[in-house]
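What follows is a pair of complexes built around chain A, which joins chain B in one and chain C in the other.
Our next item is the complex of A and B:
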């Protein structure tokens, strides 16, 4: 398989040599990661007492991060899967990033469940003594299926690129990398038959990852939805969580498009058009997401069910600023920025995406924590300092470690594989020539 | 252990018959092949002929040959199987008389001591509730409700928490992975987590049993066990015996009898005379714990905060209408 030299050099800037900035960034990220490891060591050594979680707020930052990272994995399913099925032309430079977000966040997400579990040494009991009644078992099955599905989908999109890199004559990389490309390209040479098989497989997997992703996030929502707790026990939670996940995944895609465009000088490939298109997508999703949020809280607020009222009161007092940020600013501001053409610059759209993703994390926080602080029986007869939740440094360090691992994995992948699909871009070029 | 005895008593007559002709149960299949030699061999060490009378778990007097009585093999395994099965033909229930409670906290102390529970890890809690600002405050002891439709059991991913035939819900902390889903599942905040090593000294020779849940284990969930170990030996739960006011009645619904240690009454009559109810019936979890409304109280509610520690008073600062 052949490809234009410029294309390869542009799209794989880190494969042949490693810049100093890369090393420095990586070392800093590794430092953050190491702090997290130390935090985890403390937690295992001294017990969960080192976290801010206590008998009422039994789930804290870890679960928030878990559902947040699982939500980010939606970018692959939606952007890549849906756009692939509709054969949208402009998707090509960005689908690789979207698919990588999916797989990397899917790997990181479950780790936060591991941090939350009191007996990590008994994790395998989930497989040894599984009970199908429990939504956690549904979750284990769903996440594992999702991981396999998304990994396959990502790999299928990589095969052509590995073949190109394998056949490229003067690629200055270590011999083990060349060997790796040879193995991973599975003898793909781009014959008509091979192309047909590959394309069919990708179409099937695109449809599958969309379906699996919806199941995974619904199951995640049902972990909350099936309980009787005020604020969680809601029929809207499944679809609400799905749309929230798509929202955050799309937001993160914009952020990463901006970062990669900047550091790898991909201005020629990722253009304003891409930002505007994904931005518009974000606005549409934000509208749905805002509608679900409003609908959920309106019904709780309008009625007179006591526990709902207590919860809403709490949200509008103790959690007032977080609530306003998550559910007003975080939804309306991105919409306003992207809806008006004159605000639609690349930096503005990126800022809108940063606000959207941060607000969504806060939204997850105010779904999990205030409900746990509002049990049916008022929190009494406990140590007064055990009543409210505030995260400790251990939880912060592990949260930041999750983010740093996310970045590190992206950096490592960019050392081995192109961050924009070479084969797709080449196809695009050929199409443009034909037209 | 008892299960084995039970099985034995069921099959006792059949086995005795077999033994009479000198064939052990296990030897039947072999007998066909080896013939009379084995029959002879078995007959030699068959019986002492000495019968011992035993009471089976369902109350029948049975006679067993002395040689048939064998020590149970693995005690730990047996304790666990039994703890999961529950006491035969029983359905335990508790009735708490809110008119008598004055936050004496003797129940809490007895529970903590009896189950070697560490500080800040209480299975039994006392709430100072007020339903509305037009209604009055009342003390509300809350054990685990041992619901008949327990959400905690449904959501447990590994079967660490389970419902027994006698209505008791227990936690096996050697199975629990500490995911805390049961804690968010329980609408009554009945479950507590071991956030750190409980640092309890367990008496020598003690074997873990979910019926006592001793010792507590870091990273696992604990909760009120209805003193299943006491029930097994025919005693009342610790909180019931410890209460100086006779607040807590305990008994068996199938027998329609409950007792607070001083008086024994008909469960159905008590509930109907005093308008007994269950907390948050609308949630549909069907608790095994009933409450009698705080009418014609024996103590003013404020007396519950007299002569108590400052640290205890601090636990009720946020008490108020809700």
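Our next item is the complex of A and C:
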């Protein structure tokens, strides 16, 4: 398979040569990761006492991060699947980023569950003695199914690019990389028959990843929803989690578009049009997300069930700033920035996305923690840290380690594969020439 | 010079006052609460029990590790024993049959317990008078009706005297606490009768315990009589093997069907994608062979 030389060079900036900036960034990120590993060592050595989790608040930052990363993953799958199925023309430069968000988040997310488990040595019990009735079993099955599906979907989208890189004569890379491209491309040459098989498989998998993303994230929401805890026992939690995930994923997609555009000078490929289009998508999802949030809290507030009332009081007192940021500023500000054409600049849309992603993380925090701090039986005359949660440096370090691994994996992928699909971009160029 | 001397005297005169204030802060004593109770169980074992507590921030907290001395007798006290309170602030002394307990002029036993106090806790004493009572519990079926009869007698110079007008409570122990069945008042013959409920669950063969109690009675203290009898409705604890629920070993069928259909659907599509990859690879190999031949 052949492609335009300039296209290949523009879209594979790190494959042939590694810049000093790449190395410096990687070392800094690795340092953050190493701090997290040290924190984990402390946790394994001394036990969960080094975290802020106690008998009452048994879930902390780790679960928040797990939900957050899994949300990013499912949203990446949803966005790329929907854009592929609807054959959206402008999707081509950004679809690969969405696919990578899916896979990388899906790899990182479950690690936070492992950090949370007190007896990791008994983890295999989940597989030896699974109970179909348990939402935890549903989640384990769902995550593994999703991981396989997303890898398959990503691989299908990479085959053409691997074939292009394999057949590119001027590619100056190590021999192992050339072997890798040859093996992974499966001998794909782009014949009519091969293209038909590949496109069919991609369309089927695009539909599947959408369905799986919705089911899997709903399962995660049901882990909370099926319990009788105040704030969690809600029929709306499944769709609410899904829409919140898409909200955060769309925001992250904009942020990564901005970063890659800036670092690799992809201004010709990722244009303002892409930012505005994804930004409008973010606004629409924000409106839905805001509606779901309002509906959930209004129902609980009006119902006046004792524990729900106590929880809502807590959200508007102890968690006032976080609640306002997550559910007012985090929704309204991105909408205002993107809804008015005069504000729709690339930096503004990126700022709106940063606010949306941060607010969504905070939203996860105020879903998990205040509920656990509101037990059905009142607890009196005990140490405050038994009831209230406060994260320790170990939890902060592992959280930042998760973010750093996310960035590092993106950087490593950019060393092997194109960050924008060459085959898709080539097809776009050919279509534009034909038109 | 005169002024300096006057000032020095003034300072010295103030010194005892300030030291007194400091001293008075150090000796803020805890006022303890002391209680003494008498118990007689179904096997006629008797004991007296003292609980030593104090109040802090409106909470009653125990005073463990304190020595409490038990006495018998009114004017002429006789030391029974000195017992150290446990972590609940409780000290218990068993009144064995070998002990010859002294009665007062009314024929009642007088017990007292004393905590002598220490540097931080004030001393405390408490005294109770108890009359020994014989509580009887009779269970009989009269015309298919299960009847509980309670009788109570005291010893009056060698002869039995019925206890009248006092309240006896009937309980059945359940998993977490005692279930009250009835509150009976003894008649002139010292007897009271009540019908036992016919729908009370028992164990697998219907066995249960019935307890009759004088509870914190001003004259008799805490006296209990217990009988085990198969008057309950037998409970079947076994779960049928075919039963499927959220909490059973086997999941409800609809759950298994739903999960199986979902997984089969999803993994079936994965298989399709995987076969597509194999097809691409086979086609590529076939094409390469053709090119080689040409």
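In the analysis below, the second predicted complex is superposed on the first by the 430 of 435 C-alpha atoms of A that agree within 3 Å, B and C clash if a C-alpha of one lies under 4 Å from a C-alpha of the other, contacts with A are read in each partner's own complex, and residues count from 1 in each chain.
We take it that a residue touches a chain if its C-beta (ideal position, glycine included) is under 8 Å from a C-beta of that chain, and two chains touch if they have at least 3 such contacts.
What you are looking at is a predicted structure, and each value in this text was computed from that prediction instead of being measured.
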Quick one: on chain A, after the overlay, do chain B and chain C clash, or do they fit? Just give me the call. clash
For A:133, is the partner it touches chain B (first), chain C (second), both, or none of the two (neither)? both
Please work out whether A:42 is in contact with chain B alone, chain C alone, both, or neither, and reply first, second, both or neither. neither
What is the contact status of A:381 with respect to chain B (first) and chain C (second): first, second, both, or neither? both
Of the two partner chains, chain B (first) and chain C (second), which one does A:348 touch, if any: first, second, both, or neither? neither
Is A:358 touching the first partner chain B, the second partner chain C, both, or neither of them? neither
Comparing the two partners chain B and chain C, which touches a greater set of residues in chain A: B
Answer with first, second, both or neither: which of chain B and chain C does A:25 touch in the superposed model? neither
Can A:204 be said to touch chain B (first), chain C (second), both, or neither? second
Is A:56 touching the first partner chain B, the second partner chain C, both, or neither of them? first
Overlapping segment of chain B (options 93-101, 237-245 or 291-299) - the one that collides with chain C in the superposed model: 93-101
Chain A contact set shared between chain B and chain C covers 131, 133, 381
What part of chain A is in contact with chain C in the complex they form? 131-133, 138, 141, 145, 148-149, 152-153, 155-156, 159, 186-189, 191, 193-194, 197-198, 200-201, 204-205, 208, 211-212, 215, 381
In their shared complex, at which residues does chain B touch chain A? 120, 122, 125-129, 140, 142, 151, 154-159, 175-181, 183-185, 187-189, 191-197, 218-221, 280, 283, 285, 314-319, 322
Spell out the residues on chain C that touch chain A in their complex, using ranges where they run on. 57, 59, 246-247, 251-252, 255-256, 259, 262-263, 266-267, 269-270, 272-274, 276-277, 279-281, 283-285, 287-288
For a test of understanding, state which residues of chain A touch chain B in their complex under the given definition. 46-49, 53-56, 58-59, 113, 116-120, 122-123, 125-126, 128-131, 133-137, 140, 223, 226-229, 232, 306, 310, 372, 375-384, 386-387
